[in-house]
Amino acid sequence: MPDVVVAPSSSVGVVLRPDPPVQHRFARTVKRLSRNKLALFGTIVALIFIVLGIIGPSLAPYDYAKQNLMKANLPPFSEGHLLGTDQVGRDMLSRILTGIRISLVVGLGVTVISMVIGTLLGAVAGYYRGVPDSVISGIVELAWGFPLVLLAVILAGTLGPGLLAAVLAIGLINWAGFGRIVRGEILAIRESEFVLAARATGVPDRRIIVRHILPNIVAPALVMGSYYVALAIIAEAGLSFIGMGAQPPLPSLGVMVAEGRNYMMLNPWVITIPGLTILLIVLGMNMTGDGLRDLLDPRSKNR
Amino acid sequence: MDRNEAIDALVSAHRERRISRRDLMVRAAALGIGASALGTALARTAVTVSAQDVNPTPGGVLREGYDLDFSKMDPVATSWYDPAFMALFECLAIDAPDGELQPMLASNWTIADDALSVTFTIDTGAKFHSGRAVDAAAVKEVYDAIKDPANGSPLSVLFTPVEAIEAPDASTLVLKLSHPYYDVLNVVKTGYWAICNIVARTEAGEAFGQTTIDGTGPFTFKEWMPGSHVDVEKWADYPGSIVPYYQNKGPAYLDGIHWEAILEGAQRALKIENGEIDTLRNPLAQDVARLQGNPDLSVSSFSEPSGYIFGQNFNKTELDFHEQGMRQAISHAIDRQAIVTALLMDLGSPLYGPITPADKYYDPTVEQFNQYDPEKSKALVAELGWTPGADGILEKNGQRMAFNLVVQDESFNRDLGSVIQASLAEIGMEVTVQSLDRGSYFGALGEGPDSYLFYYLWPVPIDVVILFVGSGTIPVPNWGSASVPAVDEAITAWQNAGSEEELRAAGNLFQTSIAETLPTIPLVVRNTVWVARPNVRGWLPHQYDIYPHYNDVWLAQ
Amino acid sequence: MGAFLIRRGLRFIVILLLASIAVFYALRFAPGDPTAGVLSPLAMEEAREAYKERLGLNRPVHEQYLTYIGNMSRGDLGISMVTGKPIGELLQVYGRNSLILGVTAFAITYLIGIPLGVLAAAKKDTFLDQAASGIGILGMGMPNYWLALLLILVFSVRLHWLPTSGCCTPKHLILPAVVLAAEGIAVTLRMTRSSMLDQMNSDYVRTHRAKGVDERTIIGNRVFRNAMIPIISLSGLRIGWLIGYSLIVETIFAWPGLGYLLVDSILRRDYPVAQFFALVLVAAVVLGNFLADLAYGLVDPRIRHA
């Protein structure tokens, strides 16, 4: 299940950091990226999966829901089924290709929800401090501690079980991690000289937030986002473990692993293939995140 | 497995000392294999009965793997009964491995000539763990508690024809019936009618069955850890049992039994292969072939008195679910044999009628209905005026043939749901599968879902199927509000049967009427699979009871 | 400091109260019936009503809540509806199992994650750095039920070194602890690496270097010690995570811990148990945060407990 505690740059509480944005970012970005082979590799892997997520389903040789019970549990390289079939005789390749899209959409959905709520609340808490900070930090802790399964049960009951309920449940819990990071970043930025200067000259708060602060948290948010996509995919796999992920016949990668685990001894491929796919996506996303952080994090410019 | 293979499997199990000679005989009898056929098979090879088989060694703790989590161990009010019931409690009667009803806490019973009362003799000398004697009054207390609707006995409705329970003297218990009800004998042998000490139950309140248990079985309660295990220990003062098929009439051989809930499917087979448990219920079907190939294990597989049923909500008239033709169309679209082969690895059977072909009341006439025939399905829906729309989904008067299917979350349920979904897609129906956790699932059933998948398990399948299909049990548990006059008539006949013959005739009527009119659509039945390690003796699961009993079980060195 | 502690203490109580309200209402809002875990779904409506009457479950929710809070404040935690076990006893048994599993998983995570992180920082931008990160992410990216089954196949089925599942000997502990630990390695490694690098670039290290102090001594003493502070704070945060998200590991390995207990009680609608352990989860998160803040405050004087 999700490691909601991933906190790539500042991680916990408050970290003070020097500012500000730098120039000529693009040229340096490319240079740095090519220097870090692992990040480059990760980015390529992630891009491949994103492309597969977009065009994959149209490459699928079969309908992902099409069953043939007489051809269940075929191993890879069986006739007509490059990656074999699952327990009800559905083509694994077609399901993986569709599953990649579904899992990426889940990852993206959770990340967007987390980012929106987390950034908004985190920004308010970090900028205004005092009472709003206290209240929002309390909400963050409450959300963080709230049992995901309970929220998932309620949402499944209200919206019907399925991906929407799962994405909302994970997003509504996991924004807390985002909020915490953003708050920390903003606490630091608001003490920076250019913000202090802007305030001294009487620039209104809203303008300071929009013009000076938000642009500065884009970088850390992007880094967090790349990790969050990976985390959400794993989290959905976790909910699938108790049947609260994608509903039949939709093949998210998580559901495929969860369902495949019962067939592990008979036909190990039904779990290995989606398992490896998740692993590669998570690997790619994380390495991209690491690379992005090295690129965008001002602190690491001297590294 | 055909009969000869079954004989050979049994004989070889016996030869390898995995089952005792007595087990061999009893199991063979359960399979309907006569002594002569068995003799021939045995003669093919010299069989020596080891001294161990003759003299049970007392002691040791049996470790049994169980595929579910445990429920409250209060027979009167529980959500399900688990194997520990067989060690802690006893009923008035018991099913022997050959399907015959044998005495347990009642030494004898008679049905009055007018079939309006049944008299049980309670004189076996049984006692509760607390020391209280089991007399007619103690049994009456239990049955009265079952009849009290506030107590929550799950199937108390099966006792509706029992008007009064009387205990004129210490050893005589009379059930007064409002109409002939031969089936009552099938009722009192089940786990929900197990005898517990109602005085202790009243004293303990909610804690009874949770932390305090007072039954008459050969073991006493030690510990229940939800999601993990139940432990019982030998009751040294067990007064003994009169059950004819038990070899051991005295206290249990085992020092105790430890049931482990192994909820992760693949782990069950691994655990017994690894020697961490001695016996196991229900490895995953896909692991059974592997276990059968393991010379250290003996595997038996019986048709279970259970079934998967697919119910449609009769109130969904816009979908024509109240029309027999629509339900038949759905039924013909489902290839049951393929489900059994692919999902159950052939460890099960198609259900064309409501109950398993292995049941003693089974009527094979049902097999002329509900065969896989998608063309017939298409014809049937066309007859009702449904035509494929632009997206291939059937339509009628602007109504799309799209509905929800509620299933309880579990891997087989989900797979079965998705097979139904795919099968019905072939004839132009759009099914949304909703796999729900247990709490939400029963909540959804109570609200009358479009359609639902339900798995029942009960020693006398007809008794419980009645509840899902009879108009008298709307809305719970007839969640689909099914109402078919022919079926209701058959139910009345079954419940009013005064003899075994009448019961059988009513049972046949019931099955054929359901197979034809489909108040709920029967799908498949799966086998219960039991696995044992070679040192376990006298452990005898059989198809007429849902769990083994533990009086005879002992562990060889 | 005293005022600070009092304020944090009050805040803690307020958050717990709010959490108790949220969980209490959420459970009752969830579909299904509180009798689902106790009575058969086939039981009569009368029985359901009688049961709810006995347990006061059909009174207005706010009344139920007040009774509940009243009982809690008197130290009466209630008993499980499903098993009848007092919640204190459940906390003791399942809490102990969770603690053993969690502490072992922590230890494994750190024994692998921290050295790899130090190595990655020391050999920054080399193959070793990247390989270490790769290993870390491997543990995080493998769906844990897959990893669990693979480990069982190797160590239980093939090698017969360890039992497949169960509780509670040291041998039973190893596999679940490793699987639970695997997810945290990537994070620990990343944190260690980045905070080591921060320290190594700091002024005092430059000064030491300028003075010609041996690089190994610098890393071993000052850098490592300072770099560990965020890791220690991270531990505080992971406590909540271990309770909330250990369900899968606990189920596969049949290790009865709080993760299983919490989820199972939610699914069975065992209100008293679910309520209490959800609160334990929130309390763990709040306390973890508090400890993290304290740790930061103690180390970094620039941060004021404003």
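Labels A, B and C are assigned to the chains in the order they are written; within every chain, residues are numbered from 1.
Everything below uses one rule, namely that a residue touches a chain if its C-beta (ideal position, glycine included) is under 8 Å from a C-beta of that chain, and two chains touch if they have at least 3 such contacts.
Since we're looking at a predicted model, the values are computed, not measured.
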item	value
Overall pattern in which the protein chains touch one another (line/ring/star/complete/other)	complete
A-B compared against A-C, more contacting pairs	A-C
Distance from chain C to chain B - Cα centre to Cα centre, in angstrom	40
Chain A-chain B separation of Cα centroids, rounded to whole Å	45
Chain A-chain C separation of Cα centroids, rounded to whole Å	20
Residues of chain A touching at least two other chains	153, 156-157, 242, 261, 264
Shared interface positions of chain B, touching two or more other chains	266, 270, 436-437, 439-440, 443
Numbers and ranges of chain C residues touching at least 2 other chains	30-32, 149, 251, 267
Chain A contact footprint on chain B (complex, rising order)	265-266, 269-270, 284, 286-287, 290, 335, 338-339, 341-343, 404, 409-411, 414-415, 417-419, 421-422, 425, 432-437, 439-440, 443
Partner chain B, residues of chain A touching it in the complex	65-67, 69-70, 72-73, 87-89, 153, 156-157, 160-162, 242-244, 247-249, 259, 261-266
Chain A residues within the chain C interface of the complex	1-9, 11-14, 16, 35-38, 129, 134, 137-138, 141-142, 144-151, 153-154, 156-157, 230, 234, 237-238, 241-242, 254, 257-258, 261, 264, 271-272, 275, 278-283, 286-287, 290, 299-300, 302-303
Parts of chain C lying in touch with chain A, wherever the complex brings them together	11, 14-15, 18-19, 22-23, 26-27, 29-32, 124-125, 130, 133-134, 137-138, 140-146, 149, 153, 183-184, 186-187, 190-191, 194, 197-198, 201, 230, 233-234, 237-238, 240-241, 244-245, 247-248, 251, 262-263, 266-267, 274, 278, 281-286, 289, 292-293, 296, 300, 302-303, 306
Chain B residues within the chain C interface of the complex	69, 72, 77-80, 149-157, 206-207, 209-211, 224-228, 260-264, 266-267, 270-271, 273-274, 276, 436-446, 467, 476-477
